[in-house]
Every structure is written in structure tokens, then in C-alpha cells.
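Chain naming follows the written order as A, B, C and D, and within any one chain the residues start at number 1.
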Amino acid sequence: MTSLGIGLIGTGFMGKCHAMAWSHVRPVFGDVPEIRLETLCDIDPDVTQKRAAEYGFARAETDWRKLVDDKRIDIISITSPNNVHREMAVAFLEAGKHVWCEKPMALTLEEAEAMTVAATKAKGRTLLGYNYIKNPAVLHAKKLIDAKAIGDVVHFRGQVDEDYLASPDVPWSKRARIDLWGLGTLGDITCHLVSFAHLLIGDIASVSADMETVVKQRPVPGTSEMREVENEDIAHAIVRFKSGISGMLASSRAAWGRKNLIRFEVHGTKGMLTFDQERLNELQLYMSEGPEETRGFRTILTGPVHTPYGQFTPAPGHQLGFNELKVIEAKHLLDCIANGKECFVNFAEGLKIERVIHGMAQSARERKWVDVA
Amino acid sequence: MTSLGIGLIGTGFMGKCHAMAWSHVRPVFGDVPEIRLETLCDIDPDVTQKRAAEYGFARAETDWRKLVDDKRIDIISITSPNNVHREMAVAFLEAGKHVWCEKPMALTLEEAEAMTVAATKAKGRTLLGYNYIKNPAVLHAKKLIDAKAIGDVVHFRGQVDEDYLASPDVPWSKRARIDLWGLGTLGDITCHLVSFAHLLIGDIASVSADMETVVKQRPVPGTSEMREVENEDIAHAIVRFKSGISGMLASSRAAWGRKNLIRFEVHGTKGMLTFDQERLNELQLYMSEGPEETRGFRTILTGPVHTPYGQFTPAPGHQLGFNELKVIEAKHLLDCIANGKECFVNFAEGLKIERVIHGMAQSARERKWVDVA
Amino acid sequence: MTSLGIGLIGTGFMGKCHAMAWSHVRPVFGDVPEIRLETLCDIDPDVTQKRAAEYGFARAETDWRKLVDDKRIDIISITSPNNVHREMAVAFLEAGKHVWCEKPMALTLEEAEAMTVAATKAKGRTLLGYNYIKNPAVLHAKKLIDAKAIGDVVHFRGQVDEDYLASPDVPWSKRARIDLWGLGTLGDITCHLVSFAHLLIGDIASVSADMETVVKQRPVPGTSEMREVENEDIAHAIVRFKSGISGMLASSRAAWGRKNLIRFEVHGTKGMLTFDQERLNELQLYMSEGPEETRGFRTILTGPVHTPYGQFTPAPGHQLGFNELKVIEAKHLLDCIANGKECFVNFAEGLKIERVIHGMAQSARERKWVDVA
Amino acid sequence: MTSLGIGLIGTGFMGKCHAMAWSHVRPVFGDVPEIRLETLCDIDPDVTQKRAAEYGFARAETDWRKLVDDKRIDIISITSPNNVHREMAVAFLEAGKHVWCEKPMALTLEEAEAMTVAATKAKGRTLLGYNYIKNPAVLHAKKLIDAKAIGDVVHFRGQVDEDYLASPDVPWSKRARIDLWGLGTLGDITCHLVSFAHLLIGDIASVSADMETVVKQRPVPGTSEMREVENEDIAHAIVRFKSGISGMLASSRAAWGRKNLIRFEVHGTKGMLTFDQERLNELQLYMSEGPEETRGFRTILTGPVHTPYGQFTPAPGHQLGFNELKVIEAKHLLDCIANGKECFVNFAEGLKIERVIHGMAQSARERKWVDVA
């Protein structure tokens, strides 16, 4: 394929991020088809027109359905609100497009299942925007685990915390409504943690979870009214993986001081690996080998030896940024399109993640262990 | 009281630690009675004699019962194996002594209950050796929490990890037997984590736990035999406190690279506090006040403003050590003896901790939530 | 100006970095003219053609002089070897172009002076590629210093270390030759440290320096010969600034384990600021205010409150990367072109930096203090 | 020798520290003679009497000369102000006692020389209180360096910073007077840094230094007067060691936020070692061996494998404190007494340190390199 046309729905946080990823994937990696930025779509015509010019898209559009049958578009980036993911993704899949959709998949398990069914029937690739797992540090962790550098994995612990809803003064918004936003912390950030767990350890089989809404009511903007927050601020669980090992997941969107903390610990019979997204260019590795007196956790700074860091800069320790992880994600999609393989996380894998987070919600409500696979 | 006589049972790790604490409590604090090191007791007569001379005890003894009725002894330090704690503690309490006993209290809940009953009837103070909670950094955390520096507490997370049984090559020992050692990780280290939780947040009310023995068999020294490990290497739980807030506990004695990691996070409505025992002279505090652009976690180095650090050295940042935390614990016991107040953790409080760890074991076995208070 | 045409010389490490910066500056910032990627120039025609296609340049060229009079080119990015900087920069300035040139300016002080003279006479803006000082964390440090958040500045310390020439096995190359590469560590990395010092504190006035070549000979590739390394691996100095305050500079290109360490400490009468490029999204701030018991160094994670972080992502703590700092640098050049102001670091400011590093070399040779301003 | 009698002059910060060291050296190490705490001496009779009782000394005394000829005293600990070190040390040496004297040696080089002459003629051992270099982490660093774990040493950098005189509000005291206190930062803390450099690298041969008094006047307590500070707050230098390698020393007593920061970096041809006294139980080691992708600085937590940590506790990572380093120092003196070897730092070695710090003061005044060995 000599070139691929891109359609992008959404001009917010992740829309811009996709646009930047599409404009960098070829400069960075070289060995990919030419990328044509065809159509940018969002509801406000003026903003969309302005952003299309800035991002380098050929056209601006306000009706996403116009993109569905546009032959110039090969890949659709969906960064719209979660409640329209299903409708859009299914339509584009049926039209034969490749679909790169932001997480969480959808509002409900049923929607996620419908998307997965559509993906199974479609010829296009699907990829969900689990931003963090294409990090060279994380890919290197995966490689070390697979190579048994820490022996057999015996335990996993993870936490993901932010503070965007820590303040009771943050006003009520649609984020607080289950019918519009779905799950709270579970859908926003816990799902990321599950993406790490599934990548590094394998599928989670069962969960015993708890959850809580810390700020129970929030002020409605422009009024003196307080309105109920319907979804959870904190969610955590003890889990068992299919492989039999145990684990823990912790998450909060009300954790003061945490901006994008995603930590994991992988315990092995011969060592340990830990990572923290707030220092995304570092990996901590302990190996129980060599003289005991010089053992210690090593702070590995990523560099060109950690593929594909070297595509961004030949100089180690220079640090990649969040947006660059998204460029690697775009490259992954292009590779899967080229070689016909499934992406990770495709819709089928994404559905497994949805089952974990919805299973956590169920477990918390029913106060019992729930099977999720 | 012008002076107090000390008896000490045990010359191992914690026996030496108690001896050093007793010889420093007066030089460090000044305002305590004279401490007379009366009798050191352990089973090997030669070793005990040698250690008594080194530690400065007046006498060595091999039969602990000889100390029970010795009028020269006011306080007994019990650092013997867990399976004799009950018998010793009850005897000394009935003889009117003050009892400073290492944790865990006993092998079983029944034994811990018997000790608590004895304590209730006795005139002596009781203190359990929860080594880490008298740290000035931890006391300061408690003070900040009580002063609402982080607002209302909404969540607690803790982990305690060591690697003393991480290697499959560590031989089988009595630690592996439930009848001699009792619980594994839960009794060795998880209980410390519960002592932090109870100090900082309040009592835990219910738990949903899981546990696992990573190394299922270990080599029996001097043989070619492998013998089963009966107790758990890993134990973790989601919990609810009596106050209603949620929490998590994680622990492992098979966590490579962790030497004495005890971390906690206290999430509040206005900030967050975290601590790590492997850097015991530091406290991390985030407060959601002041301009957002200069907010961040503060690394507070303990100093004389954090009582009773200044008793050890007037210079901030000079660092206290593990053994010195035990001197503060001794001082706490002396203060409680002087003013007739209950120690924290006394036997009644210790029993609550035992209920949590035994409740975790039960929850893990039965795969359901268990009430522990 | 509705659009600006870009010429780029060089397809190596920094050439690619400039190309990526030019393709992102408009998507990221929006409020800049359209950027036309006109001509990419390097000596190998095939590689240059390939890279031009990947980076999105309209044309490839092997003779840089063809770009000098090309009316379609408004701005020239010079990322060629240091020994041709002068010739190129002067030619483009005389042709009325804006010049963005990588550091160090040139091989010798005389060349740097000639470039500065040319810049003074030219109508184009000049900007030197001091990559690190446009970091939002660093800009925030500057803002805090100017706002007296740490009181009056009384001292500066900086170090810059890498290990690209730490191994004696790294072969001899033109980097080792003074006539082709100029200074060693001083030109490669010490100059970055000086850019921080001049930005944050002001100009350095005098230096007492030392330097040393750790690996004195290196193997010539493809031969059994060892050849002399002519320039320094380590260079360090005590300095005085024009303002009278004292400082220290340390640098090494043979510092094992350091990948891109650039640390500075700014000591003030009311606080301290520190930074480390290997964790470029963090700033450490200590302020001597508030209760002593909660004082400590704060780890400030950069976010949208730290301009222009928010242009890259609205989410704090998500981390910018090295390449994104270069986008901010490109934006700075565009702003200066638009408003007619001088860039920092322009050629005149760059010459001051050159005087410091050449003064350090002189001081080290003559073992005496040398005035550099 | 079956027992040794101790005299201790001073009941302040370091007097208490010595008292605690003497009471712990035998409990901790076992294989040392019995320690008899004979006489505590200070000028206030009531305080001295009280402290003697607390510390366990047999007698209190206010006239230090009474201790000189007391046959019961074998070792004298001198923790009195610096301006009486010479007189006391010489007297006790002439009386045949072993002398453990706090640093700095004396007010002037001449005094330090006189002390060294007296030590040469005396039969007693001498030991200067360079508190930090007996740390197991530091001893391990020394061992690694000697074993060439980082190859050949090529560079040394050190800094020592505190903030006890950072605030302009700290009142004027005798510390500010050269005739009573001698050097400022150089004598207080820079000398510690030199003790590290001499231990790890070898003697410093020449220095080019600078120094500065940040707070030039301080309020005289109980008056409205401001009085001049005569000695330096900041002192730093570039240095050459006798072995030919280069180094840097930085120090400040006015560095906000630093409580007891003593950092060093030892650069080698095969690796690097770094240490920070504010985390005294950690050593950072980078070795250029093994696959590049898993290289990184290791945080080595000290434990029983790092002699003599295990004397304090058999459990790794439990953390030693500042006061315990002093117990190791006492043990070192007892060992040297027993085996007739010279201590490090004895008076002859201490004189070398004095020559470095006084040489730095001279270099700063004269703005030129000064030979110090």
C-alpha cells in the first residue's frame, strides 16, 4: 500500500493527540506508507475548520457519517465521547475501515460485545487507545518477563491514580452520569491498569472488588444546586489470573497529588520489575544474581537498545513524552494493517478488559468474588 | 519510682535490640527512672552468660520461670519464639510485672485472647513490639492526620514486603510449620502493616483476602528431602474500616529486592501522606493549597521539630536508625508505667490486630468477606 | 505572514529532531503561520531523498548553497557538523534568511565572533539550539527565580554528564580532533550547562577551570592503530557571575551511567530550586516558609499551569519528551520572527557562552582565573 | 586488656553522641573490652551531674585537668569547643591517654600541627570524629573501589550542604568569630567532605577555591545591634589529587532545605559510585557490564553483607542511624588500641585535612591555585 488516508473524529485532548501521532508516524519510523490526513470531524464547524488547518487535514466535517463511505479514508480515529463509540465503530467497521478507538470501549458490556462482534466480521483492524503499553520501557519489561529474567511470575500489583476529581469544588458534569459516561474511575483509568496486567501477566479470571464515591455531590455550574455523582471515585480489587497467580488493582480519580501515576510491580521467583508512568522513561529491575553485596534495584533509563526508542532519538536518556507513546501506537496499527495480524489491544482483547472492570463493579455491589473470564 | 529492674528473655535478633534499647533509654531521654539490667535469660548457658556480660546484665539464667518471682525485676522483655509468648506473658502478668512482648502476640487467636484476659486482670502495663509506629516520621503523620492537614481521610493503602523467603534455596525451618510458627507472612509482617492502619486510621472492620504459598516445598537441611511449607508467603486484602472508609493491604515475604519495605498512603480530601520504612526518616506530604504551579509532594526530612527526634540528636536530617525506634518504644512503656495509662499497642489492641490477620486467613480460605471487629 | 518556508541541512540526530519540530509546531501551538517544508539537504542523495519523503519535505538537495538564494525558504535549520556552521550561517544571514543553528556555534571563538557580526548586520533572527532551556519546568524555574520565590540568588551549581565516550572501546573519530570538532566536552555538553546558568542567573564573568582527557588514545576503526584524543573528556570550573555571586560547573562525556544528566541547583536566601534533565518533567523546590515541620523539597510535576505544557496535552503529569522541547524552541523562533524581538539564545548570547567554554579551556591550560565577559 | 576507662569532656550534641557510643560499643560488637564510664566533665556542675547520672558515668567533674592524671581513665573523648582542642589533646596525649577528638582539629593550622607533633611522641592512639566515613555503605564503597569494581578512578565530586545558617534571622554567635571558631563552613562541614575524598581517593594535592559570606551581618541577641560575620558560608574548589586525578568540592552552611547532605560521586573507567548521607543506608552503583539494556544505577540497601552492619541487626534494609555510625567509630578506636595500629583519621591524617581546608581559604583569598600536600 503506498498511502493511507486518515479520518479523525474529535478535536479534544485525544483528538489532538491522534492528529500529532498521525503527522509523526512516518517521520519517526520511515518504513510506513505515506499518511494522508483527509478529514477532521467535530461538531463545531468553526473550531473544526481551524483545527483541520492547524493539524494539516485536507477537509473539515461536522457529520461523522459523511466519513463512513468516503473512499479516501482508510483508517478512522475515534476520539469522541464514550457513548457514541459503539455506533461509530460498528459503522466504520462495516464500511471496511480500520478503526482506532479511544478507551474505554463503550458505556456498557453489551455495547462492547456488539463492537467485538462487528470487528470479528470486518476486514479492518481494530485498535483501542491503551496509551501506555507501547512505551519502550513497558515493552522491555514484557521482554524481560518473557525471557524469565525475573524467573516465574508469582504476583502482580498495580495502582493508577489521578486527582482530577479530588477537589469537591470540581463542578458536576456528564462524567458523573452513568447513562452518559458509564463507569467512573473504572472506565477512565482502572482499565489502563488492566491493560498492563493483561499484557504482562495474562488475562484476569476473577475479582473481589470494592468501590466508593468520595465526593457524593458536586455543584452544578451556573446554579446553586448540588447534584449526585453516580459513579465511583475509588475502585480496587484482589484478583486471580487465569494462570493462577494472584494480584491487586488499586485506582482513584480523587487521589491528591497524583497526576498520572500508574505503577506496577511484577514479582518473580528470581527478581522483581517495577514501573511508574510518572517517570515513564525508567524501569526498576532487581535480579537475585551476582554477589549479594552489590544487588539492588536498577534504574534502567530507556535508550535506543529499548525498541523503538531509537526511532525518536539515537541518544539514550533523552526521554520520550506521552504523545510519543501514541506515535508508537499508530505504528503498531500500521504494522498490523500491513501484515494482517491482530493489534493488541484489539476489540476482542478490549472486551476482556471491559469484563474485568464491569466485573469489579458487580463484585463491589454484591460483595463477593466474580468470575470475569 | 527511682529505678526499674529489667529481665530479658531471648538473645537473638530482637533480644539484642531490646538490650540496646534498655541501655539507651535513659541516656537518650534523661527523664526516666534509672534502669537496672537484672537478668538475661536464654536456653544456652554459655551464650547467655557471654551476652549478659556484653549487654551489661547483672545475671544470666536459662530457666525463665526463675525470673517470674524475682522481686528485682519490674519489667520483662519477651523476645522468645511465638509459641511460648502466651505462657510467659500470662505468668509474668500474674506475677505483677510489666510485659513488653514481641509480635505477633501468639500462634492462635485463642492464645492472644488468653493473654488479653490476663492483661485485663493484671496491674502491669503491656506493650507489643510493633517496632515501626514510634518513628517520629510516623508520629508526625498521625499528628498531621489528626490536625486535618490532608482533610478527611478517605482511603488507606499499605504494603509490607521482604525477601527473606524469596529464594527457593532457603531451607525448610520451623517458620514453615503452623503448629510452631503459626501464620506465615500474616504473622511476620502483615501485622506490622495493620499496626500502622489502626494507629493512623482506626480499626479495620472487615476484609476480603487472598493468600498464597509461592515456594511450596523447601529442602530439609542435612537431608535430600523436600518438606511442605504450611503457611503463606503472600497475603493481601481489600478492607473496610469501622469508620467506613476503604483500604488495601498487601504483603509478601517472597518479594525479591525488598528488605524492609513498609509503605503506606493515606488519601485525604485535601491532600495525601505517604511513607516508606526503607527511607524511615522521610515523610511525603501533598497539600492542595497555595498556587497550583508550586504544589508537589514534599519530602519532609525528620528533625528536632518532630518529637522525639531531638532526644537523639539536635541536628535535623541526621537520620535515626531502626534500633533507635525501639528506644522510643521503651520510653513509651516507661511513660505508661509512670502515668498509669495504657500503651499502644497493648494486648487489647494487639488482639484486634490478630483478629485482622486471622480474619484474612479465614477470608482467603473461604473466599468471602469476613468481619474482624 | 501567512506561511513560512523551511530549509533543513542535515538528516542525522538533530536533523530529524528539527524536521519533527517543524511538522509539529503548528498542530501543537495553532497560532503560528503555516509551515512549508521546502528543502531537505544532506550529502548522500539517496538518503536525503528518502528522508525528504518521510519528513514531508517537497525537495531533496545535496548542495547547501542551492538553498541560500531560494526564495521559497524563509528559515534555515542548520544541523550540519560544527566545522561548517560559520560558513553556512553567514551565507544564509547575508541572504536574509532566519537561521536556527545547532550548538556549539563553531569550532573557534573567531568563527563565533564572525557569525555574531553577520547576525548584527542581518535582518533575520538567529537562534542556537540550546535544547533544554525551553522546557516548561525550566521556564517555571526562571519565573520563580524572577518572582523571588527563593529570595535573592546567592549561588549556582550545575553538572552535565553523559557516558558516550566513557568506554575506551569507543573508536577514534573526528570528535577527537580539535581542527574538525573543536572542544570536546566543553563544546558538546558544558555549553548546555552555561545556557542554563546564563538564563537563570545571568552572565558568567570569570572562571578558574580544570580539564582532563580520561581516555587518551582510542582505536582507529579498521586498523590496529591507536590514535590520540586531542580534546577533553572532563571539564569543570569555579566561576563568578557578573552579578557577583559564585558558582560551579562540572561536566564529563566519560561519566558511566549518565545518559543525559543535566542538574542544577539555585541557592537563594529564602529557598532552593533544583532540576535534573533525566527527569525533565519535575522541578524540586524548597521554600523556607510555613511551619518548619512540614517543610521539604517539593517535587513539582509539570502540567498545564506551566506554560506552554498545556499546548501538548491538557493533562498534568503526562510528561513531555526531549523532542517536544524542540517544538517549543521552534515556536520561540516563530514568535521572535513575528514580533521582531531577539531570540534567546541568539548569536550574540551564544557568543557569550562560547567565551565561557573557551575561557575554561584557557584557564585550565594556564592554571589561573580568566575573565570571560 | 580486660577493661578500659572512659573520660568524656562535653555534654552537648557530640558529648551525648560519644556517651551513647561508649554505652553501645560492647553490646553491639561483643568482642571488645569492658567499657567503664568513669568521668563526665563540663563547666556547669549541675548539668554535668545530671548528665553523668543519665549517661551512666561514675563521676561528674567541672575541671578537665582533673581527668588528665586520673589513672582510671584510659581514653578521653574530647567534644569541647574547637578553641580548646589543642590544649586538651596535647595534655591527655602527654599523660599517656588515647584521644578521641571531635573535628575540626583546631582553630589554626599551627594548633593542628602542634597536636600532630604531640601525637607522634605519644603512646596513645588518636582518632578524629569524622562521623560519616565508618558507615557500612561508605566502607563498602571503599571496598568496591579498591577491588576495581568501577575500574580505575578518574574523577571525584563531592558536596556537603546544610541550612543551619541559611536564615538571616539566626543570631550572631561565636561561630561567626575567627578567633573563637576559626573557619566557617570549611571547618564545620567541608572537612567532612575532605575526609571522604582522602578515604576513597587519596590525598588532595592542590586546590583552586572560592568562598563567600552570604549573610554578612547578624543580629546580636538581646540588642538591636548587627555584627559582622567573619567567616565563610560557602566554600568550593576544583582540586587535583596526588594521584593526578581531578575533583570538585562544594559546601555551604546556608543551603536551604539541606539538613545533612553529603554527596559524593566517584567516576571510574568501568562504572560509577554515588552516595548521599541524607539516605545513608543506600549506595548507588553503576557497572558497565552485562547487557546494556538492563544496565542502570543500582540502589544497594545496606545489610549484614556490608560489614559491620550485621552487628547492629541481622535484618537487611532495617537502616542504621547517625548515632550508630559513631559506635563503629568507637569500635575502630578500640581495635586500634588493641592491635597497635593507627586509626583513620588520626591526627597526622587530620592535619592533611586541615591543610586542605586552610589551603582552600588561602586560595580563595589569593585567587590562585595553592599546593596543600
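By definition in this document, a contact is a pair of C-beta atoms (placed from the backbone, for glycine too) under 8 Å apart; a residue touches a chain by one contact, two chains touch by 3 or more.
Every value quoted in this text rests on a predicted model; they were computed, and no experiment measured them.
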Where chain A and chain D overlap in contact partners, by chain label: B, C
Farthest-lying chain, centroid of Cα atoms versus that of chain B: C
Comparison of B-C and B-D by number of C-beta pairs in contact, larger one: B-D
Rounded Å distance between chain A and chain B, as computed from the means of their C-alpha atoms: 41
Length of the line joining the C-alpha centres of chain B and chain D, rounded to whole Å: 34
Chain B and chain C, separation of their C-alpha mean positions in angstrom: 53
Chain B residues counted as touching two or more neighbouring chains: 258, 295-297, 301, 303
Of all residues in chain C, those that touch chain B in their complex: 140, 144, 149, 283, 285, 287, 292-301, 303, 305-306
Contacting residues of chain C [partner chain A, same complex]: 13, 16-17, 19-20, 23-24, 26-28, 30, 34, 50-51, 53-56, 162, 164, 258-261, 277-281, 301, 303, 312-324
Residue ranges of chain B in contact with chain A within the complex: 150, 154-155, 157, 159, 163, 166-168, 208-212, 214-215, 234, 236-238, 240, 245-246, 248, 250, 252, 254-258, 267-272, 286, 288, 295-297, 367-369
